[in-house]
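Input: a single structure, listed below in structure tokens.
We just call them A, B, C, D and E in the order they show up, numbering each chain from 1.
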Amino acid sequence: MIDRLEVDDVSVRFGAVAALSEVSFTVEPGTIHAVIGPNGAGKSTLFNVLSGVYRAAAGQVRFGEVRLDRMRPFQVAGAGVARTFQNIALSAHQTVAQNLMLGRHHLTRTGFLAGGLGLPREGRERRKHAARVAEIAEFLELGDVLTTPVGVLPYGVQKRVEAARALCAEPRLLLLDEPVAGMNADETRRMADTVRSIRAALDITIVLVEHDMGMVMALADRVTVLDFGRRIADGTPDEVQSDPDVIRAYLGAT
Amino acid sequence: MSRLRWILPAIALLILPFYVDEFWLRTGFAICGAAIGALGLNLLLGTTGQLSLAHSFFLAVGAIGYTYFADSLGWPPALAMLIAVGLAGLAGLAFSPLAARLRGIYLGVASLALVFGGQHVLNSWTSVTGGFNGRSVPDFSLFGFPFADTPRVVLLGVPFAESERLWYLGLALLLGAFLFARNLVRSRPGTALQAVRDSEIAASVMGVNVQRYKAGVFLVSSAFAGLSGVLYALSIGSVAPESFGLFVSIQYLAMVILGGLGSLGGAVLGAAFVTALPLVLQRYADELPLVTGAGGDGLAAGEAARYLYGLAIVLVVLFQPAGLAGLARRFRFRTAHVRRGTPDENTSVDPGSGDRGRALDDRDRVQQ
Amino acid sequence: MTQFLSLLLNGVSLGAMYALIALGFVIIFKSSGVVNFAHGSFLLLGAYAVVRLSEPLGFWAGALAGVALTAAAAWLIERLVLARLRGSSDISLAVVTIGIDILLLTDLVRRIGSDILNVPHPWGGDVVRLGDVGISTNRALAIGMAALLIGGFFAAFKYSSWGVAMRAVAEDGDTAALMGIRQGRVSAIAWLVAGLLAAVAALFLVGSPTPGVSPAVYTVALGAIPAAVLGGLDSTGGALAGGLLIGVAEALAAGYQDQLLFLGRGFGAVVPYLVMIVVLLVRPSGLFGTREMTRV
Amino acid sequence: AENGSDGGSGDVATDVGVEGDTITLGVLTDLTGVFASIGKDMTNGNSLYWKTAKVCDKYTVKLDVQDTQYVPQQGVQLYSSMKSDVLAMQQTIGSPINAALAKDFVADKIVNFPSALGEVLTDIPGTAVLGPTYDVEMSNGLDYLFRQKMLKEGDTVGHIYFEGEYGETGLEGTRHVAKAKKLQVVEAQIKPTDQDMSAQVSQFKARGVDAIALTVAPPQLASVAAASQAQGLDVPIVSSAPVFAPGLLAGPTAPWLKSHLYVAAQTSTFEAHPDLYEQYTKAYPKEKSASAGVIFGYGMGEVMKQVLDAACEKGDLTRQGVLDAFNGLKKIDTGGLLVPIDGFTLGRSPSLYSFIYRPADVPGGATIVQDAFQGQFAEALAGS
Amino acid sequence: MALTVDDLHVSYGGAVRALRGISLAVPDGAIAAVLGSNGAGKSTLLRAVSGALRSRGGRIDRGTVRLDDADLSRLDPAAIVRRGVAHVPEGRKIFGRLTVEENLRAGGLGNPSRAARAAARERVHELFPILAQRRTQRGGLLSGGEQQMLAIGRALMAGPRLLLLDEPSLGLAPKVIGQIGEVITEINRQGTSVLLIEQNATMALRVASEAFVLDVGTVSLSGSADELSRNDDVKRLYLGVRPESTEERPVLSRWSE
């Protein structure tokens, strides 16, 4: 059973900047939901609120029964929410495998003592999760680079590592912040396929921030549009695409 | 084959007391003690990226705690050691909320306050610390077996006195500490700590309770420092607050950097280098060129040691950012290739290469 | 009251020198992101050079030459060592300065030896009296000099692009280079200036009422570190405020020691650090430092 | 490596540290650490003495000098490496190092001369403080001020002292005198690295002190003089021996020191021993200002010789023999180099005497104004 | 100003061969677009031109980079900037601790003319009004797109004669991408040559006069922008005109404890 995500009247301010003002929308379980809007509209801020990095000044975020807006980031992760970062935030010196293993942090238990003493159950746990990590890496076409330090990989590949790490958390709600930035059309298409097949295989909810409209149109079940921190539209991709406000603020006359 | 690489040095270390004299055994014991402290600092600095100059304070807690428990309270020395180590760990834990608030170099400088403040407290608290002059340290004993010169034991014609006994104690404790640190880094907490180092926000979003892990690593690191302090106390036989000043913290920093930040084997090598250098130079001053024995007109041994070790720090950071561990790795890498008869066509996988390290540093910053 | 005024004046004069040292600290940090642990050695080098060069040259020329020599040495260190470490982590940079510090300090202590070297200040042990309160001429001059130099740098930062260039280089030298900023030159100048400030501070620091050049001069820099940090490592104004705060706090703690006995004897020595910790707890980046903020 | 065999010839028993006609003595000094200046001077004094002196007219003495840098760990390590070669310790610098080694000294039956006059050192068997402990010394200095009418009952004294054994023992002397003479004491503790005494002097001025007592080091003395001058605090300064160094007379505070300072010391001056001065400057032409440390080092040699001679006469130059000889020593006279020493009883100051000297433009920078005397408070302070 | 790259070989850390013999020319006053997949070496090419290679552990092994008649391969970045080359690096690299205003000032430091700087700032504010509004905000706190605008604006402050742009549209909203295209055309009209790396090939090929496609360190296709936009491979890989996807992809199973 997956939960519904309800964002209810959320506001965030930074000094004079109203990054989000009374934003509300609902993400139905098992759908792919896109959030779009001009630069600085508050999309990443929204993700930061959803993942507990920023605290909303007002409003609520509910994921099923739990209140995400009251949690700290690591508790949000425990509630089954994982995300990627717009500006890649990986450990550059660590290998891809090590970075992915971090994704499994909240699924594993080993503490300082058990880890330091190298108790047998630590080894069992590690082996079991390493196998899953390899599986996910394979899925995101990272199988060949598992032992490469992330720092030397090209930008586009690092973006895939980000996505893989979030997947490794086995989330029920996956937040992707511009997953195809810096990819060419072909790479974008493959990423879109991947996202689709994640949803199909794992049956989870995905929220996506993206500027590549082709990708949004092809993937999203529903789209919410933000501008200057306010929701200016919400609907199916087709509805949104023809909304005059959205065209004026975001798409431009093409 | 890789097992052989461990067994030979292990045997050499075990039979050492049968071949070398007291000076070297004592030096060896001092190295073991320092190495444990360096391992602890490496967990903090190398693994978690927290710059702390307060290490000497935690050393002091261990050393003085042991002396107080075993001497003033008369507890069995092994218990006193355990409790002193725990106490040092708790001191680290108590410091961690401050550490959680400060970042980078601010943390480093703030931790200086612990060194100076700690010295002040320890100097004033004479009933426990013995004040400026310090107090003498009771001998260690384990299950009734004393680590002292008496009762006399002779093994295979070699007197098995305090220095021999301590050597094995140091070796055993160092091995334990090393394995603990290594396991820790390789397991789940290690991954989390490294993530905290690279980006606290990313780590917390992936489920790491950053505050708690910082507290945890401070606890472990200071407990290591505490154990190191106990061994220091045992090796000298007397502790005074004065012995745990800023310079000691700097020495530990030097061990970790010289050894190679983030490398546990490196920390041990670094500790050996920093600890032994002044002693050996002093001892063999007469045989060394340029260095004169005490009272001569040339470079005094103590000065020579300090020059060398300042120079070593600068050179290592400049030319071998991966430290002694990097050097060792490079050497091993090369010999391994020669043995296997493969030309090293992909040096690019050598993680110890300085250039690669540098290139990565840049990448790091791109992503911030 | 006289005692209080006298302590205050004394604290301010001490603080002025802390501020000069802290300012050097801050300038280096701003331009290259380096926390320069070798600053204490610069101080000692400045003092030593002034004394030695005053012998053959006389005080004025000797002081000038000594300050110049220290500045040149700082510059050289930047060129030889730190310039090669662009892009390394903060920690490596801090550690390399510790290495340099050990080298310089060992050498200077060896040269200074066991003697107390006296600087032949023309004003010697003269005293300025302000009503009941007396202060050595040397210290009075120090306050004036510090005001002059700090004011000058304030203006330089505010009205020239130097400040921007320095901070750009410190944050990301490679990208700054893409703006045409010569990172080598910017940070080399910063080191030069820091060396100069340290030497000027040293020049007064070893005069009355302190006893001349001895290795202990070095430890004054240890008091300037908290001054720089509590002011905010990247703030010039902070260096001034931090220096004065620490100077006055230290003088008062030492002067009223017998009223503070419940804190333990010799409490004055920890005062700078205590003040720093209190400030950092409230403001983790110091009084005027840029707040460290991150976003993802 | 220990053995009981007879290393020498003749019928003198020996064990460790005697090879043929050579006796080896250990020196654990500080040549490059914080107390390098005093360490160097004392070691030079030791060496100078043993250059010519012979034990029993037969044995020459070789010194095994090691530099501890004033770090206890180094001291312990270096002692462990020299202990199988030395008969006794001619010099061990620093209370912390002496404390760290006390157990070993006792176990190894070592006769040891520490470089300082700390009270705790008198509790170590075989360890010989060569002079009055610092409290006795300070009380003698204050007594001198009373005798000269520079101080009277009910006055106020400001005492600046280093944290640690040296400073605190000195302070005890002042406190004792204060109790006996109803003095007010204003205490100021500092660290050896504190160089600016203005604040302390302001405080003294505010409290109206009539004299300043110092158990610090030369830089602090210079600063006290400069600050007193600046703030117009015109009172006598009494100090223990380590506070004064002749180098101060080249500085701007020289006139103030010459008119205000009285030093209570266990050593005499170069002015009183011109031949020693000549000998020293000839042997060490590069050392610029010879301090009292040289005289002390030379005197240490002299006392050691008396111990070894006594042991040798008894035909027992083993460590035990030397220790016995040491314990039997009474009324030691060093020809006026050091104050008269009564002998070594655990826990008791070995001497009650002090010289008083003042800075002056003479070789060595000091001139004696009061020959070795026992002050009125000395006996009460000396301990059991 | 004409840029000529001839038989350029570049490697990183002596091991990774990022460019393997690239030759191309950007004639005076032209806009040249470079396309290529991740890791093809596009950014490396720009770094080789602006001198930013060395600081990242890269080296020119062979070949030349010339600007008119001057050899750039031996100059340091600051010297190259002074010859009129501005580089907007990959990943924005704005100065996070400096304010927006200070970032722009830093960009103008290599520009000697005060009047030119003032004019440039005017234009930047006109192009990206948000930067004027956020003048005193710390660069690091801007949104991704705002940072990108700042990076472009900063380069414009230098008043360059050759502008190197590394994926300027990265993270920008569609409307702004359209504007960026216009800006590039306009800058170019005022006499600046542009070398443009883009993943948004539609925009790139619209504004460019010539185009190159990089593939694993070599130029696999080149020609006029129009020609290339008609090329089938380009259409498929870069313009998103795709045949139905047929390939087998691995499938992920659900995780169960």
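As a working rule, contacts are C-beta pairs under 8 Å (C-beta built on N, C-alpha and C of every residue); 3 or more make two chains touch, one makes a residue touch a chain.
By chain, with names taken from UniProt: A = Amino acid/amide ABC transporter ATP-binding protein 1, HAAT family; B = Amino acid/amide ABC transporter membrane protein 2, HAAT family; C = Amino acid/amide ABC transporter membrane protein 1, HAAT family; E = Amino acid/amide ABC transporter ATP-binding protein 2, HAAT family.
All values reported here derive from a predicted model rather than from experimental measurement.
Enquirer: If I average the CA coordinates per chain, which chain comes out farthest from chain C?
Expert: Max centre-to-centre separation from chain C belongs to A.
Enquirer: Greatest Cα-centroid separation from chain E: which chain?
Expert: Of all chains, D has its centre farthest from that of chain E.
Enquirer: Looking at B-D and B-C, which one has the bigger number of contacting C-beta pairs?
Expert: B-C
Enquirer: Please work out the Cα centroid separation of chain C and chain D, and write it as a whole number of Å.
Expert: Going by mean C-alpha positions, chain C sits 37 Å from chain D.
Enquirer: Measuring centre to centre with CA averages, how many angstrom lie between chain B and chain C?
Expert: Centre separation, chain B to chain C: 32 Å.
Enquirer: Please tell me the distance, in whole Å, between the geometric centres of chain A and chain E computed from their C-alpha atoms.
Expert: Using C-alpha averages as centres, the distance is 27 Å.
Enquirer: Hey, what residues on chain B touch two or more of the other chains?
Expert: Residue numbers touching two or more other chains: 123, 199, 201-202, 205, 303, 306, 356, 358-359, 362-363, 367-368.
Enquirer: Please set out, as single numbers or ranges, the residues of chain E touching at least two other chains.
Expert: Residues 12, 16, 55-56, 90-91, 93, 96, 141 of chain E each touch two or more of the other chains.
Enquirer: Among the residues of chain C, pick out those that touch two or more other chains and give their numbers.
Expert: 87, 110, 172, 174, 265-266, 269, 294-296
Enquirer: Which of the residues in chain E end up touching chain A in this complex?
Expert: My answer: residues 12, 16, 35-39, 90-91, 130, 134, 137, 141-146, 148-149, 167, 170-179, 199, 201, 236-240, 242, 245, 249-255.
Enquirer: For chain D, which residues are in contact with chain B within the complex?
Expert: Residues 1, 27, 29, 31-33, 40, 43-44, 47, 65-67, 69, 71-74, 76-78, 80-81, 95-96, 99-104, 107, 118, 120, 163-165, 168, 286 of chain D touch chain B in their complex.
Enquirer: Spell out the residues on chain A that touch chain B in their complex, using ranges where they run on.
Expert: Spelled out, the residues of chain A in touch with chain B are 51-53, 72-74, 76-78, 82-83, 85, 87-94, 98, 101-103, 105-106, 108-112, 114-118, 122, 125-126, 149, 151-152, 165, 169.
Enquirer: For chain C, which residues count as touching chain B in their complex?
Expert: 29, 35, 81, 84-85, 87-92, 94-96, 98-103, 106-107, 110, 172, 174, 222, 225-226, 229, 233, 264-267, 269-270, 273-274, 276-277, 280-281, 284-286, 292, 294, 296
Enquirer: Would you pull the chain E residues touching chain C in the complex into a rising list?
Expert: Against chain C, the touching part of chain E is residues 50-52, 55-56, 76-78, 81-82, 86-87, 89, 93, 95-98, 102, 105-107, 109-111, 138, 140-141, 154, 158.
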